[in-house]
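When the chains are written out, they are named A, B, C and D in that same order, and each has its own residue count from 1.
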Amino acid sequence: MSVRTPDPNPGWLSEEDLYEARRRLPIVYVEALPVRLDSLGYVTEVGLLYTADDDGQFYRSVVSGRVMYRETIRAALIRHIEKDLGSLALPQLPPSPAPFTVAEYFPYPSETGLVDDRQHAVSLAYIVPVTGECEPRQDALEVSWLSPEQALSPEVQAEFTGGREKLVQQALAHVGMAR
Amino acid sequence: MSVRTPDPNPGWLSEEDLYEARRRLPIVYVEALPVRLDSLGYVTEVGLLYTADDDGQFYRSVVSGRVMYRETIRAALIRHIEKDLGSLALPQLPPSPAPFTVAEYFPYPSETGLVDDRQHAVSLAYIVPVTGECEPRQDALEVSWLSPEQALSPEVQAEFTGGREKLVQQALAHVGMAR
Amino acid sequence: MSVRTPDPNPGWLSEEDLYEARRRLPIVYVEALPVRLDSLGYVTEVGLLYTADDDGQFYRSVVSGRVMYRETIRAALIRHIEKDLGSLALPQLPPSPAPFTVAEYFPYPSETGLVDDRQHAVSLAYIVPVTGECEPRQDALEVSWLSPEQALSPEVQAEFTGGREKLVQQALAHVGMAR
Amino acid sequence: MSVRTPDPNPGWLSEEDLYEARRRLPIVYVEALPVRLDSLGYVTEVGLLYTADDDGQFYRSVVSGRVMYRETIRAALIRHIEKDLGSLALPQLPPSPAPFTVAEYFPYPSETGLVDDRQHAVSLAYIVPVTGECEPRQDALEVSWLSPEQALSPEVQAEFTGGREKLVQQALAHVGMAR
């Protein structure tokens, strides 16, 4: 082991360092599609975030965010769901740690069809039933609950960026709902 | 189409007919392992049924039963969970229709290691979180809630019949818990 | 146990009996979507059957068939793949017994959107890579290999019956390919 | 966007930088359990690596390694399988991008039970059938093919480090094989 001054902020990255890391390493992300279930477990609604980017363009998104150093995937999921849906959403994380898909975002067009200008992100995607009240806290302007049919409509699908409309299609196919 | 007298009881099978069908066709079953989850989605407890067979022997089991004609898998799951855990169990069926495994029971020893004297059963197995009160109604003498470690202990594993201890192992492995 | 004359043909059902059983019990089916994979495991082609029904109408289908009494799911899959793709298809069944979805066909319109006039079928659906030569043997007039994009095109999707176009969508979403 | 000198080695990290990154960010890993399948898709053998650590201690392992910047998960899997099993292993990556589990290794004891002294690793775990000849190239001293029963025996399970025996249990449970 090398001799180093103890790091006063283990796990903390400055903005500068994070910028650099994002150009050198794949970054671990989690994404969650919030859903409402009926008593038989059928998905009745999906929760989509409606957000504006820096240029004032509106687009749809799902719950998404980075996994921190020393943070479990489950803790990261809860943290980002609370950030985007508020603390009263009452999410129920699935018992299995396996995501329904893994989305690979690259900082340039790739075979995955998913793009993230800032980084190479490896994103574990989950479907998360919520039973409480959702009130967006941070960046999201709105959480809108759509039927699966609405979420798969060409109009709504066209409002996603980075290829995330595919993620919604895959999630709904996973629960047995195709177009 | 042939001309036949309309069946007054579609979907209903006499005991005799069911006995015969069980010797001629694989029968569709559902099985459910009830679990309690913590706020992060980790399984904290699994619910096992403690039952006596016709000879007065006690054994452990999971929620299990036949899918009826014209019944959806989800409806069958809810019906059998209510039968075995009572109507206040508040089960939350998973959003995906895919079982975590398919258990094939044969009326004789087979490569699957799963046995059911009465029939060839193809059983779709699900992990079902429950949040309410469980009170066994029908045959089950008791619902006992065990930690995953207890459920995987050699003592408890030895109390299952037909190879269902494997099902419990597979379910817990599916949620990230191995011995 | 009741005293009965031994059945000379256990597991065998007359056409008459099968007709009756199909009106009384859900029937276990397997369905397989044959795929060609590249060296990285990406699906490059899906194999669709092109068949004529009794009225001479053409439609697309996937490999599909009943699980017999005492037959394992894997044996049924291989049998139906050989029947539809020939004995040189070299299918590689997936190591996990869990299907990517369960399709429930009812003899009338239902919440599943899947219809089979003859019966209530519970169908375990698998994606099966094949590496050999495919030559349809029985009913299928043709096996056509389409790119995922072609298989998801509105024209091809409209050529399925019973709702099986949804199964193809779900299968392709499962392998990471959405529209 | 900030103005920066173009990076001559995008995606390349010095040993020093990688050491630092491993103390600040979760690192994306892939792990693969190589298996041999019979014609019905049953797992007949699992391939385990037998390796010595820096202290000359022998232990069992699975194929494992980091995902590089701009590298797809599939490319990383193939690269590490070739590194550990040689270029003639003929691995067949599964068509679905979803891992059978996600293993979270922490640089200290945690709720996951998985430990990696060097880093916080988020590892996507896959079961990969191989049909060719395996010849370990790099660090591994040996690839041994064990039956599922042997791989699950207490003796073999005790030879893993970091908790990876759980990964093997989970993989075999996923393919329907419990103890």
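Note that contacts are C-beta pairs under 8 Å (C-beta built on N, C-alpha and C of every residue); 3 or more make two chains touch, one makes a residue touch a chain.
This is a predicted model, so every value here is computed, not measured.
Visitor: Supply the minimal count of touching-chain steps required to go from chain A to chain C.
Guide: The least step count works out to 1.
Visitor: Over half of the interface residue numbers used by both chain A and chain D, so same, or under half, so different?
Guide: Chain A and chain D contact each other through largely matching residue numbers.
Visitor: How many angstrom between the C-alpha centroids of chain D and chain A?
Guide: Chain A and chain D have C-alpha centres separated by 26 Å.
Visitor: Taking each chain's centre as its mean C-alpha position, how far apart are chain B and chain D in Å?
Guide: 34
Visitor: Give, as an integer number of Å, the spacing between the C-alpha centres of chain B and chain A.
Guide: Centre separation, chain A to chain B: 34 Å.
Visitor: Would you please write down the residue numbers of chain D that are in contact with two or more other chains?
Guide: Expected reply: 42, 72, 96-98, 100-101, 111-112, 174, 176.
Visitor: Inside the complex, what are the residues of chain D that reach chain C?
Guide: 35, 37, 39-43, 72, 74-75, 78, 92-98, 100, 127, 129, 174-176
Visitor: For the complex, which residues does chain C have touching chain B?
Guide: So the residues of chain C in touch with chain B come to 2, 7, 10-13, 17, 19, 21, 23-28, 67-73, 96-102, 104, 106, 110-112, 120, 122, 124.
Visitor: Could you list, by residue number, the parts of chain B that touch chain D in their complex?
Guide: 42, 101, 111-112, 165-166, 169-170, 172-174, 176, 178-179
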